[in-house]
Each structure stands twice: as C-alpha cells, then as structure tokens.
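Each of the next two complexes has chain A plus one other chain: chain B in the first, chain C in the second.
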Partner chain A sequence: MIEDRRNLINSKQLMVLIISSTAGVGIISLPYLLVQEVGHNGWIAILLSGISSMIMAVIVFKLLERYKNKSIIEINLILYGKYIGMAVNVFYLLYLTLKLSVNLRIATEVVQITVLRSTPSIVLTVLFFLSTIYISWYGLKSVCRYGNMIFLTILMVLVLYILSLNKVRLTFLLPIGDIEIQGLLESVKIAAFSFLGFAYPLAVYPMVTDKKQSLKYTLLALIFSTVFFGLTIVITTGYFGENMLKHMLFPVYTLALSFRTPIIERLDLLFLVLWFPAMGMTLKGYFFISYYWINRLLNIKRKTLSILLFSTAVIIISRIPNDYNQSLKFLGYTDNIGVLFMFGMIIIGYIMSMIKGGHSN
Partner chain B sequence: MMIKKLKTKKIEESGNKAEEKDDKKESEKVEDGKEKLSSSFDDNIYKIKKSFENCPDIIMRKVSIGQNKTGYFLYVAGMVDTDLVQRDFIAPVLNMGYEGLMKEESLENLPVTDISFPVDINTIIDDVLRGNTVFLGEGIDHAISCNLVLFAKRSIEEPIVEKNVKGSHEGFVESLLTNMSMLRRLVKNTSLKFKTFKLGATTNQTCAIAYIEGIASPELLSMLSEKIKNLNSDGFIGIGYIEQFITDHPNSPFPQYLSTERPDKTIAALLEGKFAIMLDGTPVMSIVPVNFFAFFKAPDDYTSNWMFGSFIGAIRVFAAIIAVFLPGLYISVLAFHYYTVPLNLLISLAESRSKVPFQPLMEALIMEITLELLRESTIRLPTYIGTAVGVVGGLIIGQSAVQAGLVSNLMIIVVAVTAIASFVIPSYDMGLAIRFIRFIVMLFSAVFGIIGITTTASLIIANLVILESLGQPYFQPWIPLKLKDLKDAVIRLPINLHRTRPDIAQPVDKIRGRNK
Partner chain C sequence: MKRILTLILMILIFPLILTGCWDQKIYEHIGFILNVGIESSKDGNMLITFTSPVVGEGEGETGVELIEVTGGILREGRQNARNMSSKQLESGKLQQFLISSELAQKRNVHDLIEIAERDPILPIQCWLVIVDGSPNELIKAAANLKEKPRPAIYINQLLENSAKGSKIPETRLADFNIEYLAPGLDPMLPLIKLSNNQVMVTGSALFSKGKMTGKLSTRQSFLALAMMGRARKAGFSSIDPIFPKVSDDGKEDMATELRAIKRNIKIKMVDGEPVVNIYINFAGYISEYGWDSLTDQAVQKEIESYLSERLKKDCIETINILQQANCDAIGIGDMIRAKCGEYWKSVDWEDAYRDIVIDVDVNVDIKQFGVID
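== the complex of A and B ==
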C-alpha cells in the first residue's frame, strides 16, 4: 500500500516522536511513583529501564528488518496467521487505546487539581483533546512536527532545575543501592511504561523514509529520555528528600510552585502553560497510531467519521476512573498487562521470525 | 512569416475547394475553436458588429481603400494613442491603397513597432479589447493589428501601506506591463521570466508568474502553473481572489501568500527562488512560497545594520505575541488567577475594577470591539477625517469609558498596548489574522483561564506546523528545523552570512552570487 505523503517521516522526526511521547504525561508523577518502591534510588530504576528499552529497541529493529516495509500489525498476521495474528493485533491496539484514554484522564486531572478546580473534568478532557484530534487528522508528519515543541518545554524545565540546583542536597540520594530486589523490579517495571517509546517504530516503521538511520535515532531518543528522566528524579529527590516526595503527587509542579519571580508572582502557572502542550504530545502519538491502524485493519474510508467515533470512544473510556488516584491504578493495571504483552510480542515475534526463516517482501 | 503561412494555407484550401464545397463552413473553423475570417467581407463586419453591439466605446471607422473597396479601423476609445494611430497607422494604410495592402513587403514597412496579422475573428476582437487598433479591409484575407496603447493610468508612487525609510520609494501600479518593466529594470538579465496565463471566463485578464530561471525550482513552477491554469471564474478583481482559489489551506486564518506592492521586496523574493504572481489590474503581487516569519519582515531590515534588523525583527514577533494574547491574559488573570499578580499591583487593580460592573470578558470585548470599529472607520475615511476619528476614539472614548465606570484603567492600557503591537506587523493580511485570533483567545480565556490560552496557543502552533505554502512547510526554519535558515528568521545575521538561499523555495542554485 502506498503511504499518504502526509504520513511519511524521516528518522529525525521519529526521534522527536519518541521523545515527545515519552516525556509528556509520565514526568509529572513518575518521581512520586518510583519513590514508593525504591525510595531515593529511583534514578537506578530509570537507568535500568533505559538500558532494557534500548536492548528492546535493537530487537524491535532486528524484527522489523526481517520484514521490509512492514509494521508489527502486518508482521503479526504473517507470523501467527489470519486469526491469531488478528487477535494479537486487536489486543495490541486495545492496549494502546486504553493507555491513551487513561493518559488523557490523568492529564485532565492534573489540570483540574492544579488550576481549574471548579471546571468539570469532562469539559477539560474535550478541551485537552482538541489539538490532538486536529493534528492527527493531518497525519503523522504533522504529529511529529508538533512534537518539536517538547524541546521548548524541556528547556524550560531545565532552567527550573538549574534554578533549584543550589537547594539540591546530594546527601538525599545516599546511600546508593540499598534496595530490595523486588522493589527494584517493580520500579523498573513502572519506569518501563515511560520508555515504551521503542514501541513507536513497531507501528510507524513503514512510514519512515530513511530506514537505515532509524535505529540510531531511536537509540538517541531513548538515551535522551533516560538522561532527562534520570535528571528529574535526581533533582526532585535531592530537592525534596525521599520522605517529602512520598506525599507529593506532582513533584515537578511543586518544584515550580516553590519559586517566586518579580513580575509573574507564581512560576507554577508558567510551568503548567508550557507543560500542558507537552502532556498533549504523549496523547498525540498514541492517538495517531491507534486510530491509524484501526482504520487500516477495518478498512475504513470515511476518515472524518472514524476520527470522531474513535475520539468519542477514547473520551468515554477516559471517564471510567473516578479520580486521579483511580486513574493511576487503572494505568497500573493496563501497564502490568501491556508491558508484558509488548515485551512478549516483540521477543516471541522475533523468535518466531527466526524459526519461520526467510525474508518476506 | 504569418502572411506566408496564411497564404500557404489559403492555396491548400483553394485546391480542396471544389471537392469539399459543402464543408466550406466547417473549414472556416480553425483550431482552438477560433472562427476564421470569411471570404465575404460583409459577413466578417456583420459578425464583428454583432459582437460589439451596445459597446459605444468601440469605434469602427469606415474608410475607402480604392478600387471600390472599403475597410474598417477598429479600436477602443480612450485606450489608444489617437495621435500616433492617425500618424503611424491610419495614414500609411490609407496611402498604400488596396494594391499596397496586398503586398507583403509594404505591410512589413508600416512604421509601428508591434504589429500582427490575425486571421480569425476571435483574435481580432481580443486585440481590439486589449487596446490594439485593427484594420480590416475588403478583399484582404487577414487583418492588421497594431499596438499603440495609451490609457489613463496611475503614476508610480510609494505604496501607502508599505512605507520604507532607506530603500526605493517605488510601488507597483495597475498595469501589468508597467509592473513587468519595473521588475526588468531591476533585473537586467534574460533569466527573469514571466509565464503568462489568460484568466477569467468573462474578464479575459492576463496573469503572470515572475521567476528567475536557474534559481527557481521547475517543479514548483509547474505546480503553481497548474494551479493557476485550473482556475475557473468569471473574473479576478484582485490578487486576493487568486490566492484564495489556489491556497492549500483555505480554512486557516494565516496568510500563505505574501502580498506586496514593492518591486524591491518582489525582487528579493525572486532572488531566493520564489515566485511572484502578477495580475493585470492590481498593483499587488503575491509571493510564494513563504514562511510564517516572512510576514514580519520589511525591506528596511536588510538595508540597515544586522543588529538593528534583528532587533526590530524580534520586536515584531514579540508584538505579535502581545497582540494575540495580552487581552486574553488580562481576562484569565482577573477571572481565575489573580494570585499571579504582585500584591502592590493587585491592590490598585482591585480599586480600579471595583467601579466596573462587568465581567472581565465583557469589559475587554467592549474596548476591543470599539477599537476595531475605530480602526475600520479610519481605514475607509479620508486621512484628515481619519485623524479626527482617531482623536475621538483615543482620547474621548478611552478617558470617558474609565470615568463612566465601563472599563478599568488597566484595561485601557491593555487595549492600547495591544493596538500598538498589532500596528507593528508589516503585513496587512497577518495583521488581520492576529486581530481575528485575539478574539478567539479572549473567549477561551474567559471560560478556561490560563488553560484556555494554552489550548488556543496549542491549536495555533498545530495550525502553523500543518500549513504549507506551495507544498513547503510554513513554520520552517523552526519546525521542521533548518539550522542554516535560522539566520533570517526572527533575527537576521550579517549580510555576508547570507551566502546560501533559504530552502523554502527549493532553489535550483542554492548559492547566491555564483557566476553562471
């Protein structure tokens, strides 16, 4: 099938897609989630997750390269046959849709808790989703181009980190490595959710024009995300300390809240203004992939109708949890199954492809 | 040459005449649906007269050319130089007489520079309507058309909306040929080309794409030509009509074609490999492809030191951000996030607001709509009345609105700063876009506070990254990032660093000043 010009991207754009999709919603609550499991050693979990993600990325590309110009959806059909392959694909897309919906709800809840307490959550959800629907309609290239805005947000966060450096106590990070293995594994799993960026090439590989460069840029994206996440954990842990961090839902936001500036009395508002689009970027990546492949699998031609139906479904699913805490739990359940499924699908897929042998065109 | 061709055709036709007598009328039709001159002079005159029925401006002067034969001079009154036509066309033609008119060499010696010999009625009519003087003689199988056009036109002046300090003070006029000559005067090179098209089913206008061969991309040229060729409408009153028809994203508020009345700005664009769409009857050119930042540039940015150019460029972009978001920010801060205002300012703000009975949105809308009314009225009014309206608006309404308790003092400052900021933007089209978006931002911020502003900002950025101008990304060189082109987006680096042409027009020759 000939790809629409508006969906074709290059490897650098793939890198931007991965960075913008991983750094969005996750960063808001990740330090809080990690500190519950491994205390002040969250950065070790990030490092291990980052490394495992890179290993997974290499396997992903090994698998993709065996089937030229095919995505995991098409590869599954080849490997497992029509029915099992379709079942795996449905599960994969269902997982992505669930993850998208829960992330949408979490982003909405963050805004409601921090700024607009009286505004109904559903209204914020729709508001949040507007630009995602709009930009996804115009294809993957536009999604990736929009993703560049993440660098502006990251720059702002880095300035925030630099400002807070003089109050960071490295002693809060000591002693290094006093973790129980079970907690470490649990935290690596939590962090791995944020690094699912390696899953993007699986779905968008046929749309990448310079495929030879794509592994390199995927690894660069994962390194960038690992460093940024690691830095975030180090700064928040060093600034607040382990005990305080355990009671903070949004540590990075609270960090912004602790600054005063001469003209804008509260820096947290500026932080939210810049972080709001970043949270949207995570949604855009998931939205495009799920919507695009559902359309392809079901062979839907009416684009406007399908995008509206899919958006409505996502919004309805996002209403299932009652509040922020339930959303986090819901995300936990989804990810527990999803991460195992993703890792399983990739590794088993790769083994199957080797057993079946031969390259398919 | 044309006469020879014509005669050859005639011989061929006469050979076939005997056997295809019934098809005579059919053979009078030549290619492209044009009706060939008939052998009957009266028929031809009848058809032309029929076409020019109720057109009192078309003059048909009957003359005798000897040997009992007559002829007609046709022209549009007010579109020809009567003195020259009489001296250099009518008099020599009459002096030649019928016999002279039949000789090829006599016709070639007619003392006019631009002459042609149309053989079909459609071309004759077109020529007359274009301002040519056409002679049609009995017994002669072709007409003689000469171009001695002279019609009233505006003199070359500095464009009112694009004033300039250090550069040229010339502006385009309504005549396409004059505009072409102005460009030719600046580029004395055969590589400056004009690809022309006939547009408008009723108006029959001439449109041209100006470009520099060897720099401009042939692919983009054919893409643009195709778009213009496919235009189908009665007529195109201004260049804006064409822009709206051929734009890739007609539902975006942002202009995707840069309109200008300045030849120097047009030449600068052509030298970057861009195209200028010219339309007969309008002094405005449309430059394409362009990026978002081109709308914040003025020729003066390049004629002064790079530091000032950069400074002014940055000020303009900052002004655009202010013009879009400041009223929305005022509304959201007052309605939702008053805690972000420093305490000292908050006290005086509260005092001023305490007298105002309206919501911040209503207060902002009252002032912004009043300002838009003032702006619109001053644009259409003569300058001297416009100034008076400005005084009424600025001093009386502003001051009185505060005293009457309709708006707060800070609101007046916000509106004034916003208005001044929007005046800074050099492009009228971009100014309109910014004014329009401001109202959307205000409505969103009144409902969702700062998140409303962020949402609209996200949508604006989404729109900017989606847009394309002639297939080229509109928000480049920032997104997609083109490092080497950042030298001329927002800030402008020293002129000696501008060795390469920007990527947006995909120029064939990427290096400036290379000898060809």
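== the complex of A and C ==
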C-alpha cells in the first residue's frame, strides 16, 4: 500500500512523536500515583519502567524488521490468521480509542479544575479536541511538526525545576529502597503506562522513511522520557516530601503555583499556557493512529466522514466518566488490561514470528 | 462554492463557541482581597477580617475597604463578606493570612487554611503570619496609618525586609504545609504584633502538630535559621556587649553584621541514642564599635572568640526553646529518619526529640570592620 506523502516521517520525527505523546498527559499525575505505592522511591519505578520499555522497543523492532514495511495490523493478520488477527487488531483499536477518550477527558478536567471552572466541560472538550482533529487531518508529518512544541514546554518545566532546586531536600528522597516488592511492582506497572511510546513504531513503521535509524531514535526518545520523568519525580518528591505529595493531584502544577517571581506574579498561569498544548500533543498522537487504523482496517476511502464519525465517538466516550477521579480510575482499568495485552501480544507475536520463521517483503 | 460555504459556516459558529464568557471576571466588578485576619470571636466562631483596596477618585494609595465577619470556616467568612461588599470579593491576589496567636495555640493551622491548598485560585505563596494579639486590631491600625501604603503592601514590605535580614523565617503558606506534613520536621512562622500603633516583627512562632507551642525573638530566629541553613544570604545585625572595652565613653554595646556562610550537621549513634552536632561558621563585619584598635590582629581574634562563645550559648538556648516547644524546625528528625532508619522506626520522634543531645560549635570570622580602625 502506498502511503500518503503527508504521513511520511523520518526517524527524528518519530522520536518527537514518542516524546510529545508520552510527556503531555503522563506527567500530570504520575508523581501523585507513584507516591501512593512506593513513597519517596518513585524514581526507582521510573528507572525500571524506562529500562523495560527500551527492551520492549528492541523486541518491537525485531518483529517489525521481520515483516518489512508492514505495520502491526498486517503483521497480526499474517501471524494469527484472518479472524484471530482481526480480533487482535480490533482489541488494539478499542484500547487506543478508550485511552484517547479518557485522556481527552482528563485534559479537559485539568483545564476546568485549574482555570475555567464555570465553563461547561463539554465545551472545553470540543474546543480542546478541535486542534487535534485539525492537525491530524493534515497527516502524521503535521502531528510530528506540531509535537516539536513539547520541547518549549519541557524547557519551561526544566527552568521551574532549576528554580525549585534550592528548596529540594535530599533527605526527602532517603532512605533509598525501603519498599515492599508488591508496591514496587504496582508502581512499575503505573509508570509503564507513561512509557507506551515504545509501541508507536508498531503503528507508524511503514511511514518512517529512514527505517535503519528508527530504533536508535526510538531508544533516544525513551531515554529522554525516562530522564524527564525521573527528574520530575525526584524534584517533586524532594520539594514537597512524600506526605504532601500524597495529597496533590497535579504536583508539577502546584510546584509552579509555589513560586513568586518578579513581574510574573502567577507563574502557574504561564505554566498552564504552555502545558495545555503539551496535553493536546498526547491526544494528537493517539488520535492520528486510531483513526488511521480504522481507515486501514475497514478500508475506508472517505477520510472526512471517518474523521468526523470517529471524533464524535471519542467525544461521546470521553463523557462517560463523571469527573476527574472517575476518569483516573477509568484510565487505570483501561491501562491494566491494555498494557498487559500490548506487552503480551508483542512478546507472543515475536515468538510466533520466530516459530513461523516467515519474512515478508 | 463548497469551500466558501464551509468558511461562512465556520465564521458563524466560532464566535458563538469561542467567547469564553462563562469564566470572565470584569476587573471593575472585583474586590481583591489582600489581607485575611483570623481570630476567635466571642460567639465561639472565628472573627475574619478582610481588606480590599478601594480604587477611585480621591482614594489615593491608601484607601481600603475593611470587612469584619464571623464564620466557622474561611469560605463561610468570604460568603458573609460578599454579602456586605459592593464588589465580588476574590482571593487571587491575597498577600497574607494573619492568624492570632491565641487561635494558633488552640486550632491546627494546617486544617484551618486547607482551603488555600484546595482552591488553585488562592496563591499558596502568600505569607502565613502569626499575630501576637488581635489581627483585626492590627489591620485597623495599619489601615489608619495614612503615611504608609495599604496594610497588605505595608505588612508585605515589612515581612520581606525582615526575612532578608533573617529576623523572621520566610515561611509561605505552601512551605508551612510541606513542613507540617514531613515527618521529623516542624514549621516556624513569622510573628508580628501591634506596638505603639505600629506593626512590628517580633520573631518567630513555633509549631508542633500544627499548633503554636512557643516563640523565638528575632535574634533567636536568626540563630535558628542559621542552624537550619537558611541564613546564608542574610546579614543579621547582632548587638552584643562591647568587648574588649576600648574607652570609658559609656558605650555598652557593639554591632556585628553576621552571615551564616556554612552549616554542617553531624549525627552519630552513641549507645543506641543519636548525638547531634551542629557546626556553624559565621562571616561578619563590625559595623559599630569604638574608635581605634581594630587593626590589631590580636583584638580581632579576641572579638571573634568572644562572639563565637556568645553565639554558641545563644544557639544552645534557642535549641532548648525549640525542644521545649517540641518544634523540630531544624529538621533533625528528618535527617535521623533518612540516615538512622532503624532508630527512627523504634521511637516516637515527638517524645524522643525533647531529650536528644544537641551540641553546637560556632566559629566567627571577622572579615571587615569598615573604613576606620
């Protein structure tokens, strides 16, 4: 199948896609979720999850290289046959759609809780989603180009971290390693939800022009995410302490709230201005892949109709949770099933491909 | 044609959904709350005092609207205040929470100000201040000082300058909650009072389990901050009896500007108990003394040794006050938790803190003595 030129990206753009899709929403509540399980040792969970995701990325590329120029959709059909393969693909699609919908709702709730309290949530959802639909319409290349904005947001967050360094207590991060194994495993699982970037090549591999470089840039993206998430956990834990962190739904935002700067009295508002587009980036990645897969699976030619129908479905699903709390729970359930399935299917797929020994050109 | 129709449709739809009028707040309709004073009221509730600047012709730079209400919780107080104010009172520009020492001794301040952490509109970097006396009286007196800026601005400048001089801790609302919740760490808040119709900083209020349990003078606050490692940039004017005496002109005291440039805390376990040693190195310059003799190295050494001894004695006295108030503002418990995990788990730190041995070593280096000898 010949790809639309607007969807063709290079490996560096793949790296941007992975970073921008994971950092946006992932960072909002990650310190809060990890501290509940492992207290001040959240960075260990990040490190372990980061390493696991890199191992998974290597397996993903081993699998992809066996079936040149094919995405996981076609590979599943080859590996499992028409019916089971289609069922696996539908499950992937359902997972992505659910994840996209819940992330959309979470992003909306964050905007509503922090700034626009009186604006109806549905209005925020639609407005938030418009840019996602618009950019995705122009193809993966546009999504990746827009994704470059994440570096501006990350730069701002890093400045915030540097400013907060003089109030970071190293004692809040000690003693290292007094964790129960069960808590550690749970926290690694939670952190793994933020490292699903390794799975992006499964979907976009046929669209990458310089495939030889793509593993290298995928690993670079995962290393970058590991360092960024790790730094976020270290700074927020060292600044607030684990007991305070346990109460904070959006610790990085509260960190921005805690600063007084000359001229800019409310640094938090500047933070939000830069953070909202970052949250949108996560949605754009998921949205593009989901609707692209739908088109491929159902062989839809009328792009306008499919994008409109799919967007409406996502908005409707995003309205199912009642509030932020329920959205987080919803995301937890989705990820619990989805991540296990994704990890499992990649490993099984790789083993199957070795057994079948098939190469396809 | 299709494109033009789509464009017209978008032009018609977008203005309707992008107006964003649900959350708009018109500046002219808002009353910005700058101070909140909280104390016990006679009816068993809280007396809450709000100030909001009055902006208008002839009001100048000092006009404030002062509203007194009672309420069981802070939001109830604001609701009642909104019933009395011509403007929509909002707290996004709040500068200080002023809490009476009497209420701070009775109620857990962490619970009292919970609203500020919950509501993102409230600035958590505002000052949290304890008033020795009535915040209501203090705000009223400050509002009547026509030669001074509005109460919130005046108190803010006073607090910021005092914090720069290490006379008070710079504990903002966010810091208070962090220190309250951290095991082995307790907060210290600025303490002010109304004196001769002027607002005056008097030192620090000490907290244990969220309630005020003691206080320190400005000198003791400086020493506590030095032991906490938070007086590195500040120059504190230490007034001490003059030594050695240079003349019989009746001058009793000398002044030294001090900076705690280095602080080191060592904890070792002796017979299963922690022994804490705090080392502080002060750099200073003599700002007031007496004519002649400071170029003599021997005299300088004598002054350094004398000041080291005096400051050591005062540090130990400060630690005693902290231990009696059960306020671990230095964070010794936090360090023990981090480094001596087994001991930490075996004791109740609240009880153990009062009895642990804390020793202090002080060294003073006189770096300058001005441009006369």
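A few notes on this one:
Assume the second predicted complex is superposed on the first by the 361 of 361 C-alpha atoms of A that agree within 3 Å, B and C clash if a C-alpha of one lies under 4 Å from a C-alpha of the other, contacts with A are read in each partner's own complex, and residues count from 1 in each chain.
Everything below uses one rule, namely that a residue touches a chain if its C-beta (ideal position, glycine included) is under 8 Å from a C-beta of that chain, and two chains touch if they have at least 3 such contacts.
Predicted model only: the values in this text are computed from it and were never measured.
Within the superposed three-chain model, A:244 lies in touch with chain C and out of touch with chain B [touch as defined at top]. Looking at the shared chain after the overlay, A:146 reaches chain B, while chain C stays out of its contact range.
When both complexes are overlaid on chain A, the residue A:172 reaches chain C alone and has no touch with chain B. Applying the stated contact rule after C-alpha superposition, one finds that A:127 touches each of chain B and chain C.
When both complexes are overlaid on chain A, the residue A:273 reaches chain B alone and has no touch with chain C. Within the superposed three-chain model, A:185 lies out of touch with both chain B and chain C [touch as defined at top].
Residue contacts after overlaying the shared chain place A:119 against chain B and chain C alike. In the superposition on chain A, contact of A:258 is made with chain C only, not with chain B.
115-116, 119, 127, 265-266 are the residues of chain A that lie in the contact sets of both chain B and chain C, per the superposition on chain A.
Those residues of chain B that touch chain A in the complex are listed here as 336-337, 339-343, 448-455, 457-459, 461-463, 465-466, 473, 475, 478-481. The part of chain C that touches chain A in the complex is made up of residues 17-18, 20, 22-23, 92-93, 117, 120, 123-125, 172, 174-175, 177-178, 181-183, 185, 331, 334-335, 337-339, 341.
Residues 13, 111, 115-116, 119, 124, 127-128, 130-131, 134-135, 138, 142, 145-146, 148-149, 262-266, 269, 272-273, 276-277, 280 of chain A are the ones touching chain B in the complex. Within the complex, the chain A residues that touch chain C are 113-120, 123, 126-127, 167, 169-172, 174-175, 178, 239-241, 243-244, 247, 253-254, 257-260, 265-266, 268.
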